[in-house]
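Consider the two complexes below, in which chain A is the common component and chain B and chain C are the respective partners.
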Partner chain A sequence: MSESTNRILQVARHEYRAAVRSRALIILLAILVVATGFSVFIGATDYAAQLAEYDAYRAAAQAQGLTRIAPSPLAVLSLLRGAFEYLEIIGAIIAITLGYLSVSRERVSRTLPLLRSRPLTGTELAAGTFLGALAIFTTLIAATAVVGIVALGTIGNDWINPAQVLRLTLACVAALLYLSAFYCLGAIATAKAKMPANGLVIALGIWLLVVLVLPQIGDTLDADNQLPGGLFQALGLNHDGEVAVLTHFTGYEQVRTGIEEASLAKHFERFAFAMSDVKERYRPYGLPWLLNETRHDIGWLFAYTAVLFLGLRRTLTRQQPIPTGGNS
Partner chain B sequence: MSEPVIELQGLQHRYDTDLVLRDVDLSIGEGEIFGFLGHNGAGKTTAMNILTTLLEPTGGTATICGYDVVTDRREVTRLIGYLPADVRMYGHMSAAENLEFLAKLSGVPDARAAARETLEYLGCADLAKRRVGTFSTGMRQRIGIAQAIVHRPHVLFLDEPTSGLDPMGVRQLRETVLQLNRDLGMTVFMNTHQLNEVSKVCTTIGVLNHGELIYNDSIEATMRRFPDEASLEDIYVRVGDLAS
Partner chain C sequence: MIGTIASQQSLLLRRQHVALVGLITMLAVTAIAGVLGWSSHHTIVRVFDQAVRLQAAAGQPAPPNPFLLKPNLSLLSNMVVYIPLIGALLALVVGHLSMVDDQSKGMGRLLFTRQVTRTQYALGKVLAATRFLALTLVGCGVVSIVALLAVNRTLGSSDLGRLTGFYVLSWAYLAVFVLVGILTALLTRRRSLALLSAIGVWLVITFVVPQFTSGLRPTQSLNPLTEPAGTSQAFFRVTQHAQPLSIVEQYKTAAGNILGTSPTSPTTETVLTIVPTLIAGFGLLVLVLWRIQRHDYARSASDE
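Our next item is the complex of A and B:
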């Protein structure tokens, strides 16, 4: 292992240990896991009843010797919708808090110069703190996923298959990118602000805009959302028909899409919902088609996270000691 | 003079429009204990921040063992140890954990052993497992020095190391500095106001006045040059008077 990698791992380990000692963070994590567990529990209970009904129908159809049996309309992964929504909202707050804690801890104890007086570059420091945060998010997402999968299997009586595990894993990777971006945002805002708490407020303001306001505006302007159950479904139009109609409103759609694409949360939501069968129109398709259809969203997620990471690196590299550190 | 370990050439630093270091030329040899004197706001800490790579100068150059503090930052940080005026450490960690973490960042192969040996060397092995957040000023200062030397640096920078220490703490620190210089051959660069300490510890001094180096010589030569002055304090005042 190179010296540089070793230093990055040391910083990451230090970051991880410091974070898990934070009571506020542990409480937030516990809230997220409990909320997820509860949401999946409620959904899975209802799902078990629906599954039993379908199984009874299939058994009856087979007993009558029918050759054409309707496929199950149920999609077990869609029960994780609540989990992804919690990750999208509460997870982003946790990520911002973690970024805030990470930088404010160094600022309050004034330990950043201590690190900078060692053979540690700004890139290594940024990569180490980022990696530490990533480890925390991996723990968080893995815990959430395990709670969800076990609840689906034990309460919903439907254990997910390997193909579904793969899609869920991809959705979790997207969640990692999404949370990492908010971590960087929290850390940058805290490092840039005169008072660390101001940075937290600014980051939460951006969170409000990106996670709640912009997607809401985008949804409100969405033509399909103008009728309960969907405008295009009411008009009897499939996906191709929807595309054909929207070609007559390209200017309007471009503005609406632009607003939605400014929201990191929307990209995460689109990708995660496509992977977890939440959107019915995606259900008939296989993974390659889904990946192709959502490549734009995963690209934006990568781009947002990369830009914010570079911002974090730049911020940590340029942090200078306060001129009056001693007497002059 | 022995081979220069620290060399400043035309070093300048400006905060916005305020020029706090003005063309400072200075050369400090191997194994010396250098006392950097000056009034509050003279530019001592700024000079130290530059030498410890925390701040980039706005003009001139500074080198440690021939390595430029800006362009060869990594090499320089391997060679130096730094004790800031306000000792910094991770309060939630024990003394040994703090040392071990910093030793690992400095690339020390067996960081745990280095941390233990350093604490033993400074006579504070009993503090190893205690959380540093609960430490007194004196204890923090000792752990601060341990942090600065855990990777066995070639040059040790101490910024106002005696501030806030009681007389026993000051004496202990003085003995530690002399011990590090004698046993480990460390060159020491010390910012201080304590003229009494300078006369007991330092081999050479420099006086900074409003960012300008107005005096630089060995303690012996200084005493010879100002035979009529009773103490270093008197000499310091005299040098200041001469400069103005």
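Our next item is the complex of A and C:
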């Protein structure tokens, strides 16, 4: 192992240990775990009842000798929707908090300039803290996924198959990228602010815009969302009529989609929902088709994370080391 | 003395860049809500025109005018979402800042050598923070009136009354979060822990409790036109009894009733939906006053 890799791993281990000791992080993690567990529990309880109804229908149909039995409309992975939504909202706050804590801890204890005075480059420092954060997020997401799968199996009475495990794993990787981007944002804002807490507030402001406001604006501008129950239904238009009317709104729809495209949260949501069968229109298709359909979302997730990591590297590289020796 | 402390805190809030940014943000989101309302109006007009042509070409009668289904103040539907999201976070930060600066700069020690009681001190801080929010909401109200006049062309006295009622309700709701920000600052010594604990409370109130009581998923809370969630499960038949404790849901229901954007309900029901917010605010005020008597101002809080 090279000296550089060794230094990166040292920083990553330090980052992991320090995060696990943080009370702020533990409080937020507890909220995420309880909320996610509750969401999956509710979904799984309801699913078990629906699955029992379907099984009863299938048994009755088979007993009557029917050969064509309607397939189950249920999608077990879709029960993880709440878990992904909580990761999207609370997980992002946890990631920002982690970024904030990793910089503020070193700043308050004056160890950041000290670290920079050691034979540790800004790139190594950024890579080490980023790697440590990735390890924490992996633990968090893996624990959430395992709890979800076990809850679906034991409460929902439906264990997921290997193909579903693969799709869930891909959704978890997307969650990892998503949280990493917010980690970088929290760390950059904190490192650039004069007072660490102000950096945290600024990062939370950006979170608010990206995670809550932009997707909300995109949803609100949807032509059909203008009236309760749907505008097209209120006008007595069927699907064909809706499509015919919407051909006159291509510019409007482009603006609306553009606003949604600006939100990293929306890209994560679209990909995770496609992988976990949340959207019914994706359910009939296999993984290659789904990956092709969501390639833009995958690209944006990678692009946001890469740009923010480069920003983190630049910010940490610019931290001034402690001047050594001399009376200046 | 309460007035003096409130004036001094108001001066500090004016100087705080974060509070100023929060104020500008609130005015900006009110303007965005107006633009979205205008866009909604414009979209409905265009969709209606297209639908009329389409139906006429098919030899069918014209569809009903959708504006008959759209209340006058529906333009403000988005504000009912933005107040619990953005407004509540601003209120948390304002409450937090009102308390932590005195702690971390050691002002508390100096202040209590003067003739000021802790109750007066806390009430002065609460007064300053809630006054700041009231001024912010007055600004939002003015922006809303401009938006309504621009889109609807007229604004009757009834609508003006409803608008005032909505912003008074919003002020009461935000006051709860000011008190949460103050209380968490009194309970913890580190700035970051205080702020994050307050945000934790906000997350629970805004996203977790509505799912518990009504089965509303987190992202459903972001849409002003949320379809009622299915609560047919036995679990929700039990937990929906706890809906009065979900102050964000009560706020949205009361706001919808006041603005006339939700189905009409008796005045007594609207009043009942406001009561949980008032009780939460009063309870938190009592907790703040109790906690500040025990707070150790001899120890400076950490800036971290």
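Here is the rule we use: the second predicted complex is superposed on the first by the 294 of 328 C-alpha atoms of A that agree within 3 Å, B and C clash if a C-alpha of one lies under 4 Å from a C-alpha of the other, contacts with A are read in each partner's own complex, and residues count from 1 in each chain.
Just so it is clear, a residue touches a chain if its C-beta (ideal position, glycine included) is under 8 Å from a C-beta of that chain, and two chains touch if they have at least 3 such contacts.
What you see is a predicted model; the values in this text were computed from it and never measured.
Once the two complexes are overlaid on the shared chain, A:K192 sits clear of chain B and of chain C alike. Looking at the shared chain after the overlay, A:T121 reaches chain B, while chain C stays out of its contact range.
Of the two partners chain B and chain C, more chain A residues are in touch with C.
Contacts of A:L212 after superposition: chain C is touched, whereas chain B is not reached. In the superposition on chain A, contact of A:D46 is made with chain C only, not with chain B. In the superposed model, A:R58 makes contact with neither chain B nor chain C. Judged by the touch definition given at the top, the superposed model places A:A18 against chain B, while chain C stays out of reach. By the touch criterion stated above, A:Y86 is placed in contact with chain C alone, chain B being left untouched. Comparing the two complexes, no residue of chain A contacts chain B in one case and chain C in the other. Taken in their complex, chain A has these residues touching chain B: 3, 6-7, 10-11, 14, 18, 21, 109-111, 113-121, 320-321, 323-328. Against chain A, in their complex, chain C makes its touches with residues 17-18, 21, 25, 29, 32, 36, 39-40, 43-44, 46-48, 50-51, 54-55, 63-64, 66, 69-70, 78, 81, 85-86, 89, 93, 100, 190-193, 195-197, 199-200, 203-204, 207-208, 211-212, 215, 217-219, 222-225, 227, 233, 235, 302-304. Note for the complex: chain B touches chain A at residues 15, 20, 38, 40-46, 48-49, 52-55, 73-74, 77-78, 80, 82, 84-86, 88-92, 101-102, 104-107, 147, 159-160, 191, 193. The residues of chain A lying in touch with chain C in their complex are 23-24, 27-28, 31, 34-35, 38-39, 42, 45-46, 49, 81-82, 85-86, 88-90, 93, 97, 100-101, 104-105, 108, 195-198, 200-201, 204-205, 208, 212-213, 215-217, 219-221, 223, 225-228, 231-232, 234-237, 241, 244-245, 248-249, 252, 269.
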